[in-house]
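Inspection log for the structure reproduced underneath, given as structure tokens.
Per-chain residue numbering starts at 1, and chain names A, B and C are given in the order in which the chains are listed.
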Amino acid sequence: MARAFDEILGGEDGPPTRDELAAIARWIETTPPEELRRRQRSAEATFRQLGITFAVYGESDAAERIIPFDIVPRVFLPDEWTRLSEGLIQRTEAINAFLDDVYGERRILKEGVLPEDLVLGNPQFRPEIAGMRPPHGIWAHICGIDLVRTGPDEFWVLEDNARTPSGVSYMLENREAMLRLCPELFRNFRVAAVDSYPDRLLETMKSVAPLGVAAPTCVVLTPGHYNSAYYEHSFLADSMGIELVEAADLVVDDDVVWMRTIAGRVRVDVIYRRIDDDFLDPLVFRPDSALGVPGLIAAYAAGNVAIMNAPGNGIADDKAIYSYMPEIVRFYSGAEPKLPNVETWRCREPQALQYVLDNLEKVVVKLVDGSGGYGMLVGPTASKAEIEAFRAALIAEPHRYIAQPTLALSTVPTLAESGLAPRHVDFRPFVLTGANMVQVVPGGLTRVALKEGSLVVNSSQGGGTKDSFVLMDDPVIAQSQDFGFGQTQTMGGMTQSQGPL
Amino acid sequence: MLSRTASSLYWLGRYFERTDFIARLVEATVRLDVLSPRSAGQAAWASALAVTETDETFVERGGEVRRREVARFLTVDNSHPGSIVRCLDMARNNARAVRTALTRDAWAAINRAWLTFEAKPAADDPNAVLDLVEAVKNETRGFEGAVHRMLRNQTTWFIRLGQAVERADNTARLLDVKYHILLPAGERIGGVVDRDQWTTILQTVSAVTAYRWLYSDGLTPANVIDLLIARAELPRSLAASVEETVDVLGLLARRTGLHGEADRMARVRATRMARTRSGEVIAAGLHQYLQAFIHENALLHAAIGRQFTFS
Amino acid sequence: MRLSIDHRTVYRFTEPQARLVQMLRVNPQNSHDQTVASWRIDVDHDARMREGRDGFGNAVTMLYVDGPVEAIKIAVQGEVVTSHSDGVLHGVHEPLPPAVFQRSTPKTAIDETLAAFARDATKGAEPHRALHRLNATVKEGFAVERGRGQPGVTAAATMARRSGTARDLAHVFVAGARSLGIPARYVSGYRLGGGAHRPAPHGWAEAWCEDIGWIGFDPCTGLSPEDGYVRVAIGLDSIGAAPVAGSRLGEGEEELDVDVTVLREE
């Protein structure tokens, strides 16, 4: 494979021409690696102390680990960000229109844009909630759209997450750590702030409350503190100043949702749920689920509560549907998609299957309903045995798989054992859709594959995270950058001096 | 506040208090043990098991009552619920469940205490045990401080309520198990007593200095009993715990506007405590008194659960 | 035909329950061959009831009961005037396209035995004929059990036993039809005959024929439903069409007692 494009150091065409990137490159060069390592350790110690941990699936004792943090930030230039945002907003609007349509009129099926059985036969299409409409017709209030990059202007959408996308707490905590550990970067670059995210999220929640509710009560619904993303759930509730509830805290009475408090019942209007559809309401979805709130869907159907994201959203971010996203965007927006999809072979189609089988060592094969980097074949790095196992699986159940070319994902310098080295990254920005506005928070979660050459960035597979800087126009990159080394140690501008003896 | 949150905070208070208590108990017992001849040392460990009501479990496991075994059992043994590590685990689980209600400081103290044990510390020789216990005590102090610095609202009140109920129980058990040392059979009160044993009791409730301040006539059983039961100046006395329970329930009632069964029970208990004279308790039977107290405390615990709809 | 229906359900709990939330699908809808003359739900507790619809278009009544509840009795009574169109549905509210009813559920999972059974029964006939053959073959090859049967019986398990309740046989039909590529669904409702005080409502199946529409099939009789049937709810399987889906807050076990009487009015 050709050398990958490095976002800061440049690609085969040489170093980047943009001043901002050159300045960041200089910061990386002039900061001694052991100093970077010290700061990185300090950040990780903080994360461990705060309990920003996740449990790894498939590990029996639910070991709590922190996700490794890399101190070198990833940088987006102002014009890049503007283009990205436009593409993200267009895509999110299409996702919302699509959901409203497939659970309502089904125009897109009637007009033959998508094969009917791909939607109606898809397990992610939930007939149980067909005909129900969320307040304000908004389904995907919080979208995490995974992007990869292959060149200066080449961004691709890898995956849409329209159910319960996670990772936003890392965006915020990573920034917090960077502000503390690398203040010189923020002195020298105008980095867009991300700390307004909780406020924007709460505004979004309030805006989608059922009609006629003046001061809506909003809550975050978590499966509980054994969940791998519990830290994030509590972090979000905490920063929004709203209750973090579990299913057992909620009761539905007379088609209205209430929470149990020490002073009696309080009516709940908006629920940001971080549990899967299956566990929302045992009367409607899985009857064996002890996690759910009996009657919740009835309250939702009656229009008495907003659930965000809405139940049934899985149909929008299904990998089989993904390959049709360009058509979906065109259908609802009437315009060409601003962000392209990665080329995708649907193995359910015989021709595509043949191509994939002939090129298994070159492509990435994914389970349609898999996630977290599981059930995935990365052809170029797979063993013969792995390839043959996937060949057999593909022939047996082709409809369960899609395949994509192996992309030369961009790299960002990353602190490895041996010093700074290029490592592949992806990016998850967060798009909020409220009753009146669609917005992209200027930042996101950059995930980095810490193993040399690896393209798998999932935290469960040894990935780490980085802060993602979005630079604002008119950056104050001073002529002489002061990165603060070899200077007097100061504390918040105060120096300690000893009194006269 | 969510009922479940209140319940978790309350249990967090209880488990953290219990952690602290066991840590002090182990510390005091190690000191007593190293000062004593072998047989007396063994008796010290046996009574430590009795105080935590784990003596039967320990024997069922086929454990031999020796310092090393008991110390491990009470500190790092993951397999029984009365060890420090398990109490911390429960405290941390409850804290995680209410992570949003705690300050970072408070959470960090709990998490650090828990991490002490994740490193699989040794508890084999007296010094290792003392180091471990010291580390735990540091974090419990840190937690106390962090709670103290938190907003004076329902969050801290429920933690304090749990601590008060637990503390009342712990101190009563400590006294009850050690009462044959305080009041040796056939021995006149004020007779010769084992100073070291007494010091253990005072150390366990951090009252060595307080005792010297409050009683000028030396170490006597009647004074120790008086201090641990009736002197509200001592935070770990029954009187102080009873008073704290009433205060905290009062604060909660003012906030929620609801008075309930737990308020009434706590107030009745406090009124009775105000009339309690330790001399009369000793005359009427210390053991019976403490058993009744522990039972009443359990009833109050249940009433709190009902009043705030914990389940 | 004028049918009167009396459907009583009693839940008894070994421990008193703090509260109950139940979803009832017990309201028949008007259609070309079915007119509801009168209908009522009575509950022997103070309860709040809310009407709504589920995603399949069934009328749903949410029932909210405060505890302590040791037992609860739900009585559904009414009269329905029926006619028939040889099992073909007309004038039914259909919010979902037939393709949705191709998916299987845990209770109607298709295994090789089931698929082979459906293939052998139909021998490549065109869909309409194939469905009638499948229905008749289930009727011939399976014993009908009275009673409510065990919960959670899968179509595959019924295949192995060659015997089951009306509900179990309907599951076999539904799974078999889907294995042939034909959309099919479960129906719960009432059926005249079999005497008073039956221990469960009736269950049968419907399948989709491109040129005809939805057609009812009752594998207990091997025929299509006629005017002795009252159609109440549909679902992917019996769980999705269950007359009562419940959730309770409290310990202990529950005991269910159902009594259904369908009579012909003169």
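By definition in this document, a residue touches a chain if its C-beta (ideal position, glycine included) is under 8 Å from a C-beta of that chain, and two chains touch if they have at least 3 such contacts.
Since we're looking at a predicted model, the values are computed, not measured.
Chemist: Give the identifier of the chain nearest to the protein's overall CA centre, each chain being represented by its own CA mean.
Modeler: A
Chemist: Considering A-B alongside A-C, which chain pair is linked by more C-beta pairs in contact?
Modeler: Counting C-beta pairs in contact, A-C comes out ahead.
Chemist: From the mean C-alpha coordinate of subunit B to that of subunit C, what's the distance rounded to whole Å?
Modeler: Distance between chain centres: 60 Å.
Chemist: Averaging only over C-alpha atoms, locate the centres of subunit A and subunit B and give their separation in whole Å.
Modeler: Spacing between the chain centres: roughly 46 Å.
Chemist: Quick check on the complex: what are the subunit A residues that touch subunit B?
Modeler: 48-51, 224-225, 230-231, 234-235, 237-238, 243-246, 248-249, 259-263
Chemist: Write out the stretch or stretches of subunit C touching subunit A in their complex.
Modeler: Against subunit A, the touching part of subunit C is residues 19, 21-23, 48, 50, 52-57, 60, 62, 64, 95-97, 99-100, 102-103, 236, 239-240, 245-247.
Chemist: State the interface residues of subunit A toward subunit C in the complex, per the touch definition above.
Modeler: Subunit A reaches subunit C through residues 106, 109, 116-117, 120-121, 123, 125-132, 251-255, 282-284, 287, 294-295, 298, 301-302.
Chemist: Where on subunit B is subunit A touching in the complex?
Modeler: 1-6, 93, 96-97, 99-100, 104, 107-108, 111-112, 115, 154, 252, 256-258, 308-309
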